[in-house]
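Chain lettering (A, B, C and D) follows the sequence in which the chains are written, and residue indices restart at 1 in each chain.
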Amino acid sequence: MTDVVLNTERLFKSFGALKATNDVSLDLRKGEIHALIGPNGAGKSTLIQQITGHLASDSGTVRLMDEDLTGVGPAERARKGLGRTFQISSLAMEHTVLQNAVLGALGQRGNVMSFFKPVMKDTQLVSTAKAALAQVGLAEFAATRTADLSHGQRRQLEVAVALTLKPKAFLMDEPMAGLGLEGAQQMIGLLTELRKEAPILLIEHDMDAVFALADRISVLVYGEVIATGTPEEIKVNPEIRRAYLGDEVPA
Amino acid sequence: MTRETWINVAALAVLLGVPLWALMADEPFIITLATRAAIFALAGVGLNLALGTGGLVSLGHAAFFGIGGYAMGILASHAQAYTPIMEVPFLIEGTKSMPVIWLVAMVTSALAALAIGALSLRTSGVYFIMITLAFGQMIYYFAISWPAYGGEDGLSIYVRNEFPGLNTLVPMQFFGLCFAILCLALLLMNAIHKSAFGLALSAARQNETRVLSVGMKPYHLRLVAFVISGAVTGLAGALFADLNRFVSPTMLSWQMSGEIIIFIIIGGVGRLFGPVIGAIIFILLEHTLGGLSEFWHVYLGALLLGIVLFAKGGVIGALAGREKAHD
Amino acid sequence: MKLRSAALAAAMALVGATAQADVKVGMITTLSGGGAGLGIDVRDGFMLAVQQAGRDDLEVVIEDDQRKPDIAVQLADKMIQSEKVDVLTGIIWSNLAMAVVPAATAQGKFYLSPNAGPSPLAGKGCHPNYFNVAWQNDNLHEAAGAYANDTGLKNSFILAPNYPAGKDALTGYKRFFEGALSGELYTKLGQTDYAAEIAQIRASGADSVYFFLPGGMGISFLKQYAASGVDLPLVGPAFSFDQGILQAVGDAAMGVKNTSQWNKDIDNATNAAFVDSFQAEYGRLPSLYASQGFDTANLLISAMGKADIADADAFRAALKAADFDSVRGEFAFGDNHHPVQDIYVREVIKEGDVYTNKIIATGLSNHSDAYAGDCKM
Amino acid sequence: MTTLLFIEQMLNGLQFGVMLFLMSAGLTLVFGVMGLINLAHGSLYMIGAFAAAAVAAATGSFVLALMASLAAAALAGALIELTIIRRLYDRDHLDQVLATFALILIFSEGTRWLFGSFPLFLDVPPLLAGPVTLPGGIEYPAYRLSIIVIGLLVAVGMFGLINRTRVGIRIRAGEADREMIAALGVDIAKLYTFVFALGAALAGFAGALVGAIQSVQVGMGEPVLILAFVVIVIGGIGSIKGAFVGALLVGFTDTMGRVLLPQVFGLFLEPSAAVSVGSALASMLIYILMAGVLVFRPRGLYGVA
C-alpha cells in the first residue's frame, strides 16, 4: 500500500482500569478524508494525542510515510509533517493573526534560535504565512489581534497555522465544533480543498459534515475500532447503528 | 510614534537628564542615585526577558545578580592584593579591567543560569517559583558560610575598577558607562523581542501546546531565555558591586529577587521599558518615603498592593493602555 | 531619614557666627526591620549626649540603613557627597562597617564606631581617621575565655552561627581559654531550633558551654536550653543578655554569666547620671548599645572642645586623647584607635520585675586586642 | 555517636518535622483550595505569636494565650481575605506573590509600630517546663513532647476535617470544581473566607506554640515562611498528606544533616575545615533536598498534575 501516509498499528493506552484505546489500527491514505467517529469517551482524543506524541502509548506504533515515530516527541512529529488543529482553539491570543501564521512557518523552517533579525520582516516566512491565511480566507484579518477574532475565525486560523507547516497529514480535532451553519459550510468547503494538499484524519461530531466530507469512516467505541468503511457501508452496518447511534434507531 | 514610545523616550530622558542637571548643580549624590536606578533597571531588563516575555516567574534571580557581583569582587580583590586566583592547573590572575570583569560576570552567571534553568524548567507554575527560590537560597547560604571571600561580611575593594579612557571614580563618568550599557541591553532586548526567538518564546508563554504542535520545544526556548536573562542580570550585578565598591551575600538574598520583580511590576510586565520606569520610581520612593517615617515600609507595601490590585500593567499599562500587537 | 531632636532643631535656629567651623555628623544606623532595637539604642544614647552638651555648632543627620550593606554604602555616599558631613558614625553590624568605613576614611572623613569592630579594621586595615569607641569584636569573647580559666572550667562546648563574626567569636574565646574543647559547632545563621545542638552538648561531657548567638537566635537557644534540663554553666557575651532582650528571655537567663565592658552598676558619677537621664528621657533602662552611643557622642564633643574640625591633624589628636568622662570610667585608645579597657563579667539577676545584670568580676583588665600589632600607622 | 544519642537526635528530627507541619498546614490548605500562594502566611504566624505574648503577659495564662493566638490570626486572616486576598484568586501567581509580599511589609512594620523593636516574652507553661525522662533514660523537654502530640493531633484533625465533615466535602468539592459547588448552592465566597481564616488560625497557633521556645520578634515569620514553602513544595502543594510527609522529611534531613555532616567531613578533612564545610553544606541541605525532589517529581511527592 504505497499510498498510505499515516498509519497506527495496534495502539494501546490505559488509564488505570480504563482502556482508553484498545488495539487501534488505522491508516490514512493520500488524498482522502478519513473521519473518526464515536460516542463521547470513546477514546478519540486519546488516540489523537497518541498520534501527535503528546501521550506515550503503552504499546503499538505510529508510522508516518513508513517511518516509525515511537519515541519521537510532539515537536519533532510536527516538524516531520503532522499538522494538528485543536478541539479548543490553541493559539497565541496576544499575537496577531499573521504572527500566529508566521509562527507555524517558522516551525516548519526550523532555526528558531535567531535573535537579531526581525522575524516579521522575513519575506519568505511572511509570504508563506500570508498564503496560508489567504487559503483559509483570513487575509484581511492579518493585523488583527487573535483574541479579537470570532470563534469561527479562530478555527480557520488553526487550519491556516497547520497549513504553514506544509504537513504530510492533517489531524483535525472537531474543527466544526461551535460553528454556526454558515461557518460549518465554509469549513466543509475548506477541508474539501485541503485534502488535495494532504490527507485529513478528522474527528468530528457533526454527522452531516462527516457524511458529506469523508471518504472513509472509522467508528471507535470503548477504545476499539469496531468498523471502517465508506460512508455508505457505515450507514447500513447494523452493528454500528446499534452500538453508536443507539437503540432508538430501529435496526 | 505610539504613546508607549513617547513614555519610553521620556523615561530615558529623565534618567539621563537628572544626573546632567545634578552635575551642573554639583549634587554628586543624585548622580549616584541615578546610577543605581540605571543598574537596577538593567537587572530588571534581564529578568524581564524570562518573566515578561517568557512567563517564567523566577524568584531566584538575585543568584545571578550576586554571582555577577562576586565575579567583580573576587577578580578585583585578587588584583588589589596581587595574588592569583588559582595557579593549578593554569594561572588565573585577578583584574581591575571592567570589560574583562563584565565578560567573566556574564559568562559565570550564564553558566549558573544554564544549570539552574535546566533543572528548574522541568517544573512549572508555583513549583518553578519555589525551585528557583530554593536554588537562590542554596547559593545565599553558601556565600554566607564560605569564609574565603568574606562570608557575610562581604568583600570590599578600595577603588572602582578601570575602563579604558575613563575615570570611573568620577560619578558622572561611571553613570555614563552604566547608562550606555543599559541602552545597549534595551536595544538587544528590543531585537530579541522582534526576532524569531522572541516570537516563539512569547507564544510559548501564551500557549505551550501551540508551540509544540508547530514543531518547537518550549523547554529549549525557555532555557535559552533564562540563560540570556541570567547573563544580563549578572552584568548588572557586576556594575552594582562596582558602584558600591563592595559585594556581600545581601545581593543574593530572596528579598533582592523580590525587589527586581517589583521594578518590573511597577513599570509593567513584558514592556521593554517596564524595568527602567520601575527602577526610577522605586529609587524615588525609597528616598521620599524614607524621609516621611521610620515605618516607611508600611507605605511601600500599601503602594505595591495598590499597583498589583488596581493598576494591572504597571505604570506603562496605566498610561499607554494595552500593549500593541506589533509586527 | 532626618531625625533631628527637637532640642537640636531649636539650637540650630540660633546658629551664630562661631570661631570654629561647625561639625556635621552623619549617623547611619539600623532603625527599621529586625535589628532596629540596637540602632535605636545607639541613636538615643548618642542624641542624649548631644542634647546634654547643648552645643549649637553640632549638627547630626540620621539615616536608616535597613541593615543592608548596599543601602549603607549609598547613604555614606549621600552624607559625604551631598550633606558634606565631617564625621560618620552609627553602624551596628560588622558587614556594614566593612562596606562603609574603608571608603569613608579614604575620603578623609572621620569614622567613630559605636558598635561594630571587625578585625581587619583593628589590624592591617586600620586607619588614622577610624576610631572604635565600643570594642574590637573579639574582646568580649576573649574575656569570657579568661573568665572560664579563672573559675576553673576545664572543658568547654562552644557554638556560634556560621558567619565571620561567629568564627571570630569562637577564635576569641579559644585565644584565652586554656582548657580543652569537647565540641565546637557552627549553626545556621538565623536558626531558631537548637534541639540537636543541645543534645550534642548533653552528650559531650563538657563542664561548660560558651555560645555567641546574637538577637533572636540567643533568645531561642536560652529558652530551649533551660527547658532541656542540661545544667552546665552557660557563658556568653553581653549581646544575648542585654536590657532590650533580657525581658524576652525571662527566667531562662537567670544566673547566666556574660561579659561586657559596661553595666549600669559601674560606680562612677557619669554612669549614674547617664542611667538616670536616659530613663527620664526615654522611659526605659539604657542598654549596652545606648551606653556606647552616649560615649561616642561625648568623645566627639570632647574633641570639638579641643580642636577645630577643619584642622584634621589636631582634631585627630584630640580624639585620640579621649579626654572625656566615659560611663565605663577609665577609657583610653590604643595605638590602633581601639579601646584599652576593663571587661567585666556580669550575672543576670532580677530587680523587682525587671531582669538585669550585675557585675561579679573583672574578666580582663586594661585589655587591648589581638590585632593591634598588625596595625601600621 | 552512641545509640541513645542517635535516638534522641531522631526524636529531635521528628519534633522539628512536626513543628514544620504545624507551620505549613495552613499554607498548603489555602493553596489547595483557593490556588493562592500566600507569602503573608509568615506574618500570620507572627501575629499569633505576638497576640499570645501580649495575652500571656496580661493574664499569665498560657491556655488563654493560645486561644488569643487562634482568634487574632483568624481575625487578621478573615480581614485580609475580605479586603484583599479575594481579589487575587483569579490572578496569576505573580500577582499573588507580589500582593502578599506587600502584606508582609505592612504587617512587619505595623507590628513593630505597635509593639516596638524589642522581642517579647513568651514562656512555656510551668506545667510543661523542664525535661521528662523517657524509657531508655533519654531526658527530653516536656514541652517538645507536647508539640509532637499537638502536631499529630492537628494532622489527624485536618485529615478528619477534610475527609469526614460536611465542610471538608465542600472544601474538596471546591478544589475540584469551583463552578460546580457554586451551582449546588454553597456560598463559595463564605467558604473561601472560612478556609483562609482557618489557614491563618493554624499559622497563628503554630506561632504561639513555637514562639514559646523561640524568640517572639518582628521578622520571625520570614524564615518560617521559606521553610514552610520548602515543606509543601516537597510534599506537593495542596496536599495535607504531602505537607506532613514533607515536614517530617525536612525535619529529619535538617536535624541529621546538622549533626552528621560535620562528623562525616571530619573523616577526611582537618577539624576546623570539616566543621566549616560540614556546617555550610548542612545549611544548604534542605534546599538541595527540595531541588532534588522537584527534578525527579516536578509536582512534589503527592502533588496532582
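Quick notes
Note that in this section a contact is a pair of C-beta atoms (placed from the backbone, for glycine too) under 8 Å apart; a residue touches a chain by one contact, two chains touch by 3 or more.
Note that the structure is predicted; figures quoted are calculated from it, not measured.
Taking each chain's centre as the mean of its CA atoms, A is the chain most distant from subunit C. For the pair subunit B and subunit D, the distance between C-alpha centroids works out to 32 Å.
One inter-chain figure worth recording: subunit A and subunit B are separated by 44 Å, centre to centre, where each centre is the mean of the chain's CA atoms.
Computed from the mean C-alpha positions, the centre of subunit A lies at a distance of 49 Å from the centre of subunit D. If you average the CA atoms of subunit B and of subunit C, the two centres end up 36 Å from each other.
Of all residues in subunit B, those touching 2 or more other chains are 141, 144-145, 147, 295-297, listed in ascending order. Taken residue by residue, subunit D touches two or more other chains at 108-109, 112, 276, 279-280, 283, whereas all remaining positions touch fewer.
Interface note: chains touch in the pairs A-B, B-C, B-D, C-D. For subunit B in complex with subunit A, the touching residues are 191-192, 194-200, 202-203, 206-207, 209-217, 221, 224, 323, 325, 327. Here subunit B touches subunit D in the complex through residues 51, 57, 59, 119-120, 122-127, 129-131, 133-135, 137-138, 141-142, 144-147, 254, 258, 261-262, 265, 269, 295-298, 300-305, 308-309, 312, going by the rule given at the top.
Of all residues in subunit D, those touching subunit B in their complex are 31, 37, 84, 87-88, 91, 93-95, 97-99, 101-106, 108-110, 112-113, 226, 229-230, 233, 237, 276, 279-280, 283-284, 287-288, 290-291, 294-295, 298-300, 303.
Touching subunit B in their complex are the following residues of subunit A: 52, 54, 73-76, 78-79, 84, 86, 90-96, 98-100, 102-104, 106-108, 110-120, 122, 143, 145, 161, 164-165. Taken together, the subunit B residues at the contact with subunit C in this complex read 27-30, 32-33, 36, 141, 144-145, 147, 150-154, 156, 158, 171, 240, 244-246, 248, 250-251, 290-291, 294-297.
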